[in-house]
Amino acid sequence: MRLTAENLSARRGEDLIFRDVSFALEAGESLVLTGRNGSGKSTLLRVIAGLLRPESGKVTWHAPDAEEEMKAAEASHYLGHRNAMKTELSVTENLSFWRDFFSRRNDNRSLSVGEAADAVGLGGIAHLPFGYLSAGQQRRMAFAKLLVSWRPVWILDEPTAALDVSAESVFTTLIKSHLKDGGIVLAATHQPLGLEKARELKMTGFAGVMEEVW
Amino acid sequence: MSDSLAITKFSDLANPTRFLALVGKVVPWLAAITAILFAVGLYLAFTTEGDYQQGDTVRIMYVHVPSAWLAMMCYTVMAVSAIGTLVWRHPLADVSHKAAAPLGAAFTLLALVTGSLWGKPMWGTWWTWGDARLTSVFILFLMYLGLIALNRAIADPSRAARVSSVLILVGFVNIPIIKFSVEWWNTLHQKASVLRLDGPTIDPEFLRPLLVMAIAFTLLFFTLHFLAMRNEILRRRVTAQRRMAARMASRGDAA
Amino acid sequence: MKYAFYVYTSYGVATFVILCLIAWVWLDGRGRRKDLAELEASGFRRRSAQPTVESPAKGEGT
Amino acid sequence: MTALLLRDIKLSVRAGGGALIGVLFFIAVVAVIPFGVGPDLNLLSRIGPAIVWIGALLSALLGLDRMFQNDREDGSLDLMLMQEHPLVLTVLIKCLAHWLGNGLPLVIASPLLGLFMNMNEVAIGATMLTLLVGTPALTFIGAVGAAVAVALPRGGLLVAIVVLPLAIPVLIFGVSAAYAAVEEPAPFLPPFLILVAITMFFAVLGPLGAALALRNAGD
Amino acid sequence: MTALLLRDIKLSVRAGGGALIGVLFFIAVVAVIPFGVGPDLNLLSRIGPAIVWIGALLSALLGLDRMFQNDREDGSLDLMLMQEHPLVLTVLIKCLAHWLGNGLPLVIASPLLGLFMNMNEVAIGATMLTLLVGTPALTFIGAVGAAVAVALPRGGLLVAIVVLPLAIPVLIFGVSAAYAAVEEPAPFLPPFLILVAITMFFAVLGPLGAALALRNAGD
Amino acid sequence: MRLTAENLSARRGEDLIFRDVSFALEAGESLVLTGRNGSGKSTLLRVIAGLLRPESGKVTWHAPDAEEEMKAAEASHYLGHRNAMKTELSVTENLSFWRDFFSRRNDNRSLSVGEAADAVGLGGIAHLPFGYLSAGQQRRMAFAKLLVSWRPVWILDEPTAALDVSAESVFTTLIKSHLKDGGIVLAATHQPLGLEKARELKMTGFAGVMEEVW
């Protein structure tokens, strides 16, 4: 199980945000992206999630059982700045939708909706419409989405924004246990996540203008 | 600080619990009187003579006119409740206009249907879009349906109440239009002959059953309205208690 | 009676609609009272009905 | 306040494309009616003003529901609610911007459609004039619906339902004034003045109602 | 995929009574027409099919443009783009849900409106049939517009230009098929078959185009 | 200059979130709200900003020059979870709109749009559409909105969410200088803001159900 990025570079508008980023992550490893605002953390994560086409380079995913390479996106969960939940539906409805939508054959490592809500400490209010939750509660529920269907790779963009201290430690525990289960975690943060053996990649932002083309 | 201001504020006025007690006492009487009046009204309606001009169809009047009045009165009741919601924020007012909307829709439907049934023999057509009275009543019907839909679309009941109050008040312009449409536009429909400033001009032979039926309809409306309000109060009580139970359960887990 | 059809249909429709209203109010009321009874049976009481129970919310204001 | 007006117009030109959608829809409506009526040019020109008015009414509905919803979703509405300028004034300005971005193009496009419908010059002029006077009323009425929609998770159609009954009088008097200008016996002024009065009435009631609804939709 | 279908239907029903509101809106639109054209029942029944179709187009347009926008704004779209099911399929399902939640109720309600418009049985049946066949095309076309709207922050105008010109042929063939069924000389089948062909064509092209636009929207 | 809250209580749905909250803030004072996710911080701030009607109690504002009491909302800037910026418009357009919209007569303490963008460290990219900024850059720009028009009271809901360390310190400096100028700051945060003499109010959340009404 191995996620590799080779010579990635990406651009926003006409600016090259980063170039020649390469890394390889094995099961149980994690990578933390740091850097100033606008330094390209979210951009890199979106490239890895396949949501943004890299200017050059590629991201690959080798699963031990599959022969050929898959797109990394299909083995990943992505938790972006936005929560991907409908305010009109209740928390349970939201979570079970994502559970069904993500579900794969012979997947026995996923939690049920109720267990996932409990795991992020909000078991009691899962019947409320998502829109009625406070900012931090919404973020927790968005995190619960990662638990209802197992994916080896977690791509987390500032997962702990808007969270209180207890929730932060809950998240850290969940991330650690995901790593122990053989998962891979990529996270962008401004606050230390408390992962011991995480590798760190410091983004610097603005790696040049694409003027060569012209 | 044992009780918040909010709670004492509400218990000064007629609070829901007291209202429920009142409903329990009043409704049986109301229902009984309504039933008696309906019996008398129906008897009168079918024993008085027919009109030489309109034949027996004049008997339709005894359901048509009361339901048309009720359709308008119900909206007026809702508008008054809407003011209660917006100005005094009284929870009973919320309940009142929410409960009244389906009743109003039903009476408006009755007025439309009986009107059509009367129109076919009298004017030779079920419906015409050219008559301001008919179309404004139809609009009233649509507004009732819209209000019902609005109430169902907003989950938080007090917010739903406030928002629909605004709409009720804005829509109230339709009521004078219905009432005076026959004066302002020259149309097929009858001019007012009972509810006018210079006294009724209708033959007392018809007036008697009409009045009895009108009172019966009005009392029926209030009976149903009280009961629907009671149901709504109970519904809110149930949701409040369910939430409380859920909160206490999750609190128990946390502790 | 002339036009009997129209007269009887209008009375019929009126009766039907009014019966529907009555049924709605009645059934709704029965359902709600059943809900309340269920809550009561599961051990939940209104606070105002039992003023002696110490309220969990008291003293929590900041 | 001018700032708000300018921003809203800019947004409606840049983002919503309100003007163009409205005009295109307007054209679509007017384009299909001849199929129903057949090639009878006389009849077409007779019902012309009515069709143009109906088209205008319907295209005024498009996009109306998002008048406040966008501002609510990004939080701007909160800041507007906090200001000391009376909220009614803010709403009025937003209505004005909406009309300039969506209503006015319809008025401007109407002569073209009049030609499609084979209407004569007087009828075209009268229709355009009544539209000019009447469409603001539609916007003001719509503002109430849009304000109500703010409280709804997804307002759209509900708003239209709520709004349409109130818009009917506008339609009736707009059309009858346009007809009166063409057909001889009927005088033009009475229905036209009523139309003006309706617009004035809703220019007051609409913003008031919308402001009230916005205040109460808060969460 | 069923989950997506169910969720989208649930959203459209939950968010303000879906079917009920769509139908109410449709009724309101159709009820407005006689106020404009006047109470001439003959004329009404003649323009009936056109009006019913316009009502359907309008209610299809309302809310169609936000088909993907909502999913994008809350981030759901990102997650859908990442899945291995082909994106075209996802789009198709979303179209289906949209049609079931918004189009089908209109089709079902159309006979009632036909009655309002004093249309005869044949005309009502023909209108309903053409609506059943034609409204999906409106949804598919709309999906392209909605996807383009997602891609461009300032895409408003483009959407209008994409959607309405494509929708107008649907409208025209739908209406003319409905008329052909009633008026003698004109044969019903040719326009109807063209309508079917248009729908099939857009059932393929719509999701493809939408998926392409969504893929390239990425940011 | 004085902002007072007396016996505030507020409700969400049928739940009372807090009751009997009172405080008074003089010029130069600040109040920091802390508490778990969902404990009612945002709710209290919205009540003070006049966006949510309190169930009981009231918020008042006494200005030294004005005789009568004003609504506190009119003397306040509110920075909520959402940024109140249009993604379609450029940063400059957004800021100058708010500057004009907020502007008051004889207000000489406001910064110009350019100065405000510089103050939050983003002078260079003010011509970009707001939607093109990174999460942290957007938050900074939302903060710049407070600088383009002077208001004595700042109501900040998690101002530093999604910010990097340098931006946090910039914000702290800006808040401190606002306090030194005689402003008042109310802020809800999970991370210490670094204000020295701030008073703290710990929210606890859920103060009862409003079922007594029914």
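Each chain carries a letter (A, B, C, D, E and F) given by its place in the written order, and its residues are counted from 1.
As a working rule, a residue touches a chain if its C-beta (ideal position, glycine included) is under 8 Å from a C-beta of that chain, and two chains touch if they have at least 3 such contacts.
In this text the structure is predicted, and so the values were computed from the model without any measurement.
Enquirer: Identify the chains in contact with chain C as well as chain F, in label order.
Expert: Output, common partners of chain C and chain F: B.
Enquirer: Which interface, named by its two chains, has the most contact pairs?
Expert: Here the largest contact count links D-E.
Enquirer: Specify the angle of rotation obtained when superposing chain A on chain F by their C-alpha atoms, rounded to a multiple of 5 degrees.
Expert: 180
Enquirer: Centre to centre, by mean C-alpha position, how many angstrom separate chain A and chain D?
Expert: From the centre of chain A to the centre of chain D is 46 Å.
Enquirer: Just give me the whole-number Å value for how far the CA centre of chain D lies from that of chain F.
Expert: The mean C-alpha positions of chain D and chain F differ by 37 Å.
Enquirer: If you average the CA atoms of chain A and of chain F, how far apart do the two points sit, in angstrom?
Expert: Computed from C-alpha means, the inter-chain centre distance equals 30 Å.
Enquirer: Enumerate the residues of chain B that touch no fewer than two other chains.
Expert: Correct list: 1, 135, 142, 145-146, 149-150, 153, 156, 237, 241, 244, 247, 251.
Enquirer: Touching two or more other chains, which residues of chain C qualify?
Expert: 46, 48, 56, 58, 61
Enquirer: Multi-chain contacts only, two chains or more: what residues does chain F have there?
Expert: Each of 9, 13, 16, 19-20, 81, 87-88, 206, 209, 211-212 in chain F touches at least two other chains.
Enquirer: Under the definition above, what is the set of chain E residues touching chain A in their complex?
Expert: The touching residues are 1-4, 6-7, 10-11, 14-15, 73-76, 78-84, 218-219.
Enquirer: Which positions of chain F touch chain D when the two form their complex?
Expert: Against chain D, chain F makes touches at 49-53, 71, 73-74, 76, 78, 80-89, 93, 96-102.
Enquirer: What part of chain F is in contact with chain B in the complex they form?
Expert: Touch list, chain F to chain B: 7, 9, 11, 13-16, 19-20, 55-57, 206, 209-214.
Enquirer: Chain F touches which residues of chain B in the complex?
Expert: Counting only chain B, the residues touching chain F are 1, 4-7, 9-10, 15-16, 91, 156, 233, 236-237, 239-241, 243-244, 247, 251.
Enquirer: Which residues of chain F touch chain A once you look at their complex with the stated criterion?
Expert: 12-13, 35-39, 41-42, 81, 125, 128, 132-137, 139-140, 158, 161-167, 190-191
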